[in-house]
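Chain lettering (A, B and C) follows the sequence in which the chains are written, and residue indices restart at 1 in each chain.
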Amino acid sequence: MVTFMQDDLLVIDNLHKSYGELDVLKGIDLKLRSGEKVALIGPSGCGKSTCLRCVNFLETPTSGHIYLEGNLLGENKTDDGYAHMSEKQLARQRAGIGMVFQGFNLWPHLNVRDNVAIAQIKVNGMAKNEAYALTEEVLEKVHMAHKADEYPERLSGGQQQRIAIARALAQKPKLMLFDEPTSALDPELVGEVLNTIHELADEGRAMMLVTHEIAFAREVADWVVFVDEGVIAEQGPAKDIIDNPKNIRLQTFLGQMLERD
Amino acid sequence: MIDFLAVYGENWDNWGPQIYSAIWFTLGLTITSYILAVAFGMVIAFGSMSNSKILRWMSKGYVEFTRGVPTLVLLFLIYFGLPSVGIVFDAFWAGVIGLTLSMAGYISEVLRTGFQAIHPGQREAALAVGMTPLKSFRYIMLPLAIRIILAPMLNMLILLLKDSSLCALISAPELMLTAKDIASSTFLPMHLYLLVGVIYLGLSLPMSFVARRVEARMTRH
Amino acid sequence: MNAEKIQLYAETLLKGAGFTISITVVTFIFAVLIGLTFGAIKAYGGQGKISSSNSVRELMIIISKKTAIYLINIYIEVFRGLPSLAVLFILYFGLANAGFRLEPFTAAVLGLSLIGGATLTDVFRSGFKAIHVGQREAALAVGMTPFGAFREIILPQSWRITLPPLANYAIGLLKETAVVSAIAAPEIMFYARNLVTKTFDTEIIYMLVAVLYFCLSFPLARLADRFERQARVGEK
């Protein structure tokens, strides 16, 4: 059983996920304090993205529990154990967690403004003018306010990703999830997105970030977690982990990543 | 339920021979029309892809015409209308002609989109290795096109089988009309129409099963 | 042959055109409703996986969804394999004999809607399936319910893919309504057959019928072409 500290924001307790025979996550335990930034690194297929997707239940964990501010995510406690939440409850929980995808996933039939505003109008029942004012504000933050009337297909990948970040920001989330936010970008566009994330990090919002950008993780994250074959192989303060890795597989991994850059 | 089914057993000696010959008539109608419609459809398809403006225009006009006029109207025109200008077909051939004319437009569209889906680079590569245009059609374009059109062509055959039932209304002794005749003499319409329904399904389901398998294989590649 | 006669025939046939159009419109609406519902069930109903961690209630939901999809598939196979004439005869003559007498209009709309729904189910299903799964995930991630994501994100995007086949279906449906003259529904063909038995001007009357159907379907055909062009542009 997990113990909760006063300022624990997110607690992941013994998370398992398998697809049929394939065990992707084999018991992940992780804690995030308010305002803390955690980077998940590891070789492709190690389960770090799956772990992130479990946090807002785009993947349903096979076993284990996740808590946000002490409240169970995705499940209700019953007399004889746990039961999955209804889709309505799940939606309400997801509304409080921001998520940024590798492929941006902007909606092509809506312009930039509506991409950001629609959830506030349709999910939170915000009045239109209020939602658009908020949209203006978050687009300003990612320096994209001048593109509010454009449609996503007319924008570069980097611009699209910054709008996707604005869309998540409009949710006023306590926690932001980033699932390899720069992996689908052309190399010259990576910088602008990393800068945007960096600026947000300085605002003190808690973040969980899956990334291959090791230097960026070292700079932005407080804590780095190395996931390997479905378990946490090593974790610690960002600079310690990246500058002085102890685990052999982590050393090899870091070596490969740095060589690539 | 048992009572309902028992009726078939009691009457099968009477109905059976008529139904069997009706199945053969329906199949004959369907297959003859299909062969002719594929041949005619190919002519229209080549017309619509030809360099001649007139041929393209005629092919397009024909496709538009069959797209807008119901098969039943064509059948009535041929069977009931043509005799008054001195051209008489029996029900079978009137049916074959009507079905062929109406289906050829659709089949030509299937063939045309099939050929146009092939990347021009395929043909260029064939010419580049020294094939004549005819050889490149025979060995490269045709095999590629067949993979694309096989499933929709099977669906056209199913469509034709179903449309052949319209020939009942021009007194061709196929399945529907045979069922109607027996039904009106025995006062058992439910039995007869359900029976022909099952027969049509028995004929079309294997075809749609094959079509779906082919389609699934095509999308996988 | 005089113009007066042709005008009289045309006026008589136009009386039937109203009925043809009503059958087409009402059937189209029902077929779209069936196709939309069943298409969505087929596209999204099969997602749950049976595992030991499911509660009894979840298992019931998963099993009933899978059963629904199974039944929908049978429905599609049956109604795509049957000629419309057979369906209409079963509904009109068959049911009347069994004690349920349907009006020709009701039987026609019911029969053609069931056939059309079977066609459109797969049209809608593939339209929904063509939308990248990330679109739905992003909608869920901002807090939309699965139904909200479907209504706000998936459905609006799927029209680009489904409109061309829908327009082509409408054309096919308009032509198919000609068969309901066989169950005495007073549409174009019905009036045409009556005129023929009275006047014996067979070739003129059926030619007029052909022209009338062509004129009715022509705007639909142009619409279908436009949708197809737009869909191709959208693909890039």
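By our rule, a contact is a pair of C-beta atoms (placed from the backbone, for glycine too) under 8 Å apart; a residue touches a chain by one contact, two chains touch by 3 or more.
Here the structure is a predicted model, which means the values were calculated and not measured.
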Arrangement of touching chains [line / ring / star / complete / other]: line
Chain located farthest away, centre of subunit A as origin (C-alpha): B
Chain occupying the most central position, where position means C-alpha average: C
CA centroid of subunit A to CA centroid of subunit B, Å: 55
Subunit A and subunit C, separation of their C-alpha mean positions in angstrom: 44
Whole-Å gap between the CA centroids of subunit B and subunit C: 21
Residues of subunit C defined as touching subunit A within the complex: 51, 53, 55, 57-58, 132, 134-135, 137-148, 152-153, 156-157, 236
Interfacial residue positions of subunit A with respect to subunit C in the complex: 56, 58, 62-63, 83-84, 87-88, 90-92, 94-99, 101, 103, 105-109, 118-119, 122-124, 153, 164, 167-168, 171
Complex contact set, residues of subunit B against subunit C: 64-65, 67-74, 76-77, 80-85, 158, 161-166, 168-169, 176, 179-180, 183, 187-190, 193-194, 196-197, 200-201, 204-205, 208
Subunit C residues touching subunit B - in the complex, by the definition given at the top: 77-78, 80-87, 89-90, 93-98, 171, 175-176, 178-179, 181-182, 189, 192, 196, 200, 202-203, 206-207, 209-210, 213-214, 216-218, 221
